[in-house]
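Sharing a structure with you now.
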Amino acid sequence: MPSNPLQTLLTQTPEEGYALAVKLAQKGVGVTQPSEEIRKMLRPVYSRDADSLIAVSQVIATHFQTVAAANNYWRTWTPPYY
Amino acid sequence: MPSNPLQTLLTQTPEEGYALAVKLAQKGVGVTQPSEEIRKMLRPVYSRDADSLIAVSQVIATHFQTVAAANNYWRTWTPPYY
Amino acid sequence: MPSNPLQTLLTQTPEEGYALAVKLAQKGVGVTQPSEEIRKMLRPVYSRDADSLIAVSQVIATHFQTVAAANNYWRTWTPPYY
Amino acid sequence: MPSNPLQTLLTQTPEEGYALAVKLAQKGVGVTQPSEEIRKMLRPVYSRDADSLIAVSQVIATHFQTVAAANNYWRTWTPPYY
Amino acid sequence: MPSNPLQTLLTQTPEEGYALAVKLAQKGVGVTQPSEEIRKMLRPVYSRDADSLIAVSQVIATHFQTVAAANNYWRTWTPPYY
Amino acid sequence: MPSNPLQTLLTQTPEEGYALAVKLAQKGVGVTQPSEEIRKMLRPVYSRDADSLIAVSQVIATHFQTVAAANNYWRTWTPPYY
């Protein structure tokens, strides 16, 4: 995973924040299995296995929590009754 | 998952917030397996497997935490003893 | 799961909050498998499988976190040393 | 699980808070499998299975987060640099 | 797990906080399987199974979140832009 | 895992924070299986198993939540509408 390093958790929109969460989830796989070749071999298997797909979605959900909090949930209003 | 991009985490009601959490969970599957055809093939399997259904519900629960926090839990009162 | 929509996360007591968390966990299964008939077929299986029961309990725990935070933990005192 | 209803998340000590987290985890199993007879049949199995024990510990950990936050972490000091 | 009761979540350092998280994870296994004999029998199995080790690490991670929050992340500075 | 003890959760950048989260996840495995020899034997197995890799990524995600919160999400701006 020799992609550009993670500079910020700030994004303009929730959509971009979600994309960052996906990247963070992939990065976790990349640090444990650095070989892109092996990761590519695994991909056709887990991407056709419902339980694996759900597990990936869970990792993304956890990272999205972090990114959303970092961005103060992209709020454009002050919540009443805080 | 070429649906409309995620614009906001703000919803009017908890019910709408839950629906958004479901969408966020599905999106996590969609980014990992973009082929709608394959996802449709998997659906009859996992939707009849109790453990898969529970795992999906877990992903939704994680996203609902995020959406609920974003909406300040749809509070209509100020909690005492904060 | 055509039950009444989710109106509020506010409950009077932790016990009621827990019941709401259970409902939120079931709702996650209901949206993924809308057929009540199929869900009823699955029930005798997972409700006698320890690992499935533990997984359901995990989903409830996640929702209970959300509901408890929404209710400011049903606090009746102001914590010192905040 | 017809035990006394959950009245409060407030406990005097972390030890009591942990005990409450355990009770909350068991309650999640109890609502899904109300038959005490069946739960007792399952117990010798999962209590000798390492992975089941770890999964139970995960549920307890999630509830302990909630209980600890509710009790403001039983703090007896004000953290500096908040 | 008849060890000394949990008195505080306060620790001097992150290292000690991590050790406490490990103890909290083990405690969750201990309350469900109180027999030290049985737990010792299970140990050689799960401690050589990668998936079990990862699952234990997940439980520790959850408790470390709690302990870190309790200690205000052992901060020695006030974060800017709060 | 006799590496240097954990001194701080503070890092300069999200990239370094992610690296710390990876270290925290590995540490959880190390405390449960202290033998480096055994851990090395397990590595070729789980690092080629998609589900194990996803599970590792989940542990990292949980620790990254903690590290990100500790660093106030490396914010360089004050979020509006807090």
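Per-chain numbering from 1; labels A, B, C, D, E and F assigned in written order.
One rule holds for everything that comes next: a residue touches a chain if its C-beta (ideal position, glycine included) is under 8 Å from a C-beta of that chain, and two chains touch if they have at least 3 such contacts.
Predicted model, so just to flag it, every value in this text is computed and none were measured.
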Contacts common to subunit B and subunit D (chain labels): C
Self-contact between copies subunit A and subunit B, residue sets same or different by half: different
Inter-copy rotation, subunit E to subunit F, in degrees (Cα atoms; steps of 5): 60
Between subunit C and subunit D, centroid-to-centroid distance (C-alpha), Å: 15
Where subunit B and subunit F are represented by their mean Cα positions, the distance between them in whole Å: 25
For subunit A paired with subunit D, centre-to-centre distance based on mean C-alpha positions, whole Å: 29
Of all residues in subunit C, the ones touching two or more other chains: 49, 51, 55-56, 58, 62, 65, 69, 75-77, 79
Pairwise touch network: line, ring, star, complete, or other: ring
Circular arrangement of chains, read from subunit C onward through subunit D: C, D, E, F, A, B
In the complex, subunit F residues that touch subunit A: 13-15, 18, 22, 47-51, 53-58, 60-62, 64-65, 68-69, 73-77, 79-82
Partner subunit C, residues of subunit D touching it in the complex: 5-10, 24-29, 31-33, 38, 42-43, 45-46, 49, 51-52, 55-56, 58-59, 62-63, 65-66, 69-72, 75-79
